[in-house]
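Going by the order they are written in, the chains are A, B and C; count residues from 1 in each one.
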Amino acid sequence: MSAFLRTAWAVLRKDLAIERRAKEGANALGFFAILLLFLFYFALGPDRERIRTALPGLFWLAFILAGLLGLGRAFALERENDCLDGLILAPADKGAIYLGKVGGTTVLMLAMEVAFIVASGVLYNLDLWAAVPDLFLVALAGTVGFAAVGTLFAAMTARLRAREVLLPVLLLPLAVPVLLAAVKLTELALVAGPAGAAGPWWRLLLGFDVVFVVTGLLTFEFVLEA
Amino acid sequence: MIEASGLTKLYGLQPALRGVSLHVAAGEILAVLGHNGSGKTTLVRLLATLVRPTAGTARVGGHDVVTAPEAVRRAIAVVGHTTQLYDDLTAAENLAFAEALAGRRAARDRVESALARVGLDGQGRTPVRELSSGMRRRVALARAILREPRVLLLDEAFSGLDQDSTKRLEDHLHVFRAGGGAALVVTHSLGRALAVADRVTILAGGRIAGVATRAELSETALRQLYLEATETGA
Amino acid sequence: MQRALAPLAAGLLAVGLWAGLAAAPPDAVQGQVQRIMYVHVPAILTGYAAIGLVLVASVAYLWTGRAAWDRVAAAGGELAVCFIGLTLATGSIWGKPTWGTWWTWDARLTSTAILFVIYLGYLLLRSVVDDPARAAAYAAVLGIVGALDVPIIHFSVEWWRTLHQPATVLKPQAPSIDPAMLRVLLVNVAAFLTTFAYLATRRYRLLTLRADALARALAGR
């Protein structure tokens, strides 16, 4: 058991260490987030009400776009120097490697998401501070789900030529429940709805997370070894 | 320690390896000599369980590569011409990561001693990106040493190495053999094969085109054999 | 048993479609256009059956490693796309005279459309990966993930719709259905499922023949 967790933790730490040090590092994702904020503003016009009502959707559009990039990076770094072979040859539980990858991607995406939320409050002149704890929880649950399924397909497409197109084509329809639930829960975090409205959505989102983390743990070795 | 029988690998309809059989005993080094495209990399990848054979069987370290790949992986270490290292991490971090993947606590002294054995003590904290290519390959060798394998698979591990690194790798091979390990060294260089091997197998066009033992291994004899084999076999 | 499938399927289809398109009573509210239900509903049910087949075959393939299971999954995937596509097309045709538009974001249509894209992706993945063993493994994982996602997608889309808009009265499947219509519907469901079984077995046989021919060609080299 502890070897499993040690391996997962090592993979997570390794990915984050590389992100911190790589020259094209996490800065790029951060700039991307700011850029999206500007794009959304240009696309939806100076009317701040429109942006305020669209905000939950905008958050998750941004998170998904950044998530696709983050997932791609998680395996791009393994392609250099044939490190992917190194992972296969390691006498490690492949499920532990999967868990580490999901964790690393989640941490990275969460960092970007928090920055995005804060920056959107500033740039769109919205008071989001009260909602931040709830927003963080939604972001966490949604990101884990997205990363759980995404890691499987990022690993598959890493070795294909058409990887940039194939990953979203395969992943996004599967991730629709995450998008719907996360947007809904973000809405409810920003503007309190009827009592108990959030409950079913939380159950759906957490159910999604559990089902697909377990599926990933069981099937990642087949993806890696293929 | 390595037994291959009728190993065949086809990519689509293209045969990369056809009916290759060989064996390497404990305490023995076999060199597999061949041109590019002779199938030698495919052979190593098959023995390393990175690729599954289309036909034939192989047992490495006492385990079948198809039915027990995980057990094979625990018994082997592969040193290739790509390093499988993360350029942004330091040498020590790469080794510690390899240890953690094996489920072992990254003991600093083990990492330090492995680096020392390849002459890189003091370089532990340098990012791999800043090391010369010869030193990077030595880090890869250090990682292979840390695994304490019973079988070593080398795929063009000597190509592009500076003299110092070459000597270290050769020395390590001899120590490894003396310790009872079995090694398969794939190379396209005759000189390399002569310097390290007990026996030589020549691969051409995916098939075995010649075999020679130490006794026959004078350079001229080997060169002759190599020429004949690659002319007829390729 | 295989030989019986073709005439059985053909027979059931003939009876079912005649019954549905001609003999069954027309709907009280929608009139003749409602007859499309006799194709639309069996189509989606068969689509689900195909998805289920892909799931079972995918798990079996990963478990046993036997290529035969991969061929079953491939056949199932193709038929899933066919039948789900048919569902969408008939749903759209039904919608035009009934609601006035070719497409509504009705919960069921929307989640069906998502399924269609997922299994199109399944076929795409198979075609893009060169190595057959790798394609089989990747497809198997996608087949499992997709099937597990089906109920989750269904619920999420449905809740999303009902929270935005009250459920429309004119749903494709009437809440209480006339017994005569139900009988015809069941005949058509049986017909479609039998046709599916027939097509799946034929496709599997074709893929097996191709694999055998390939193996013989390779053995000769």
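The criterion applied here is as follows: a contact is a pair of C-beta atoms (placed from the backbone, for glycine too) under 8 Å apart; a residue touches a chain by one contact, two chains touch by 3 or more.
If you're wondering where the values come from, they're calculated on a predicted model, not measured in any experiment.
Chain centres here are C-alpha means, and the one lying farthest from chain A is B. C-beta contact counts were set side by side for A-C and B-C; A-C has more.
Centre-to-centre, using mean CA coordinates, chain A is 39 Å away from chain B.
Taking each chain's centre as the mean of its C-alpha atoms, chain A lies 31 Å from chain C. Inter-chain centre distance (chain B to chain C, centres taken as mean C-alpha positions): 50 Å. Chain contacts: chain A has residues 225 touching two or more partner chains.
Across the assembly, chain B contributes no residue that touches 2 or more other chains. Of all residues in chain C, those that touch two or more other chains are 131, 133.
Per the touch definition, chain B reaches chain A in the complex via residues 48-50, 69-70, 73-74, 76, 78, 80, 82-89, 93, 97-98, 100-103, 105-106, 127.
Within the complex formed with chain C, the chain B residues making contact are 10-13, 15, 18, 52, 54. Interface of chain A with chain C (complex): residues 149, 152-153, 156, 160, 162, 166, 169-170, 173-174, 176-177, 180-181, 184, 197, 200-201, 204, 207-208, 211-212, 215, 219, 222-223, 225-226. Remark: chain A residues 3-4, 6-7, 9-11, 14, 17-18, 21-22, 77, 80-83, 85-92, 97, 225 touch chain B in the complex. The residues of chain C lying in touch with chain B in their complex are 130-131, 133, 217-218, 221.
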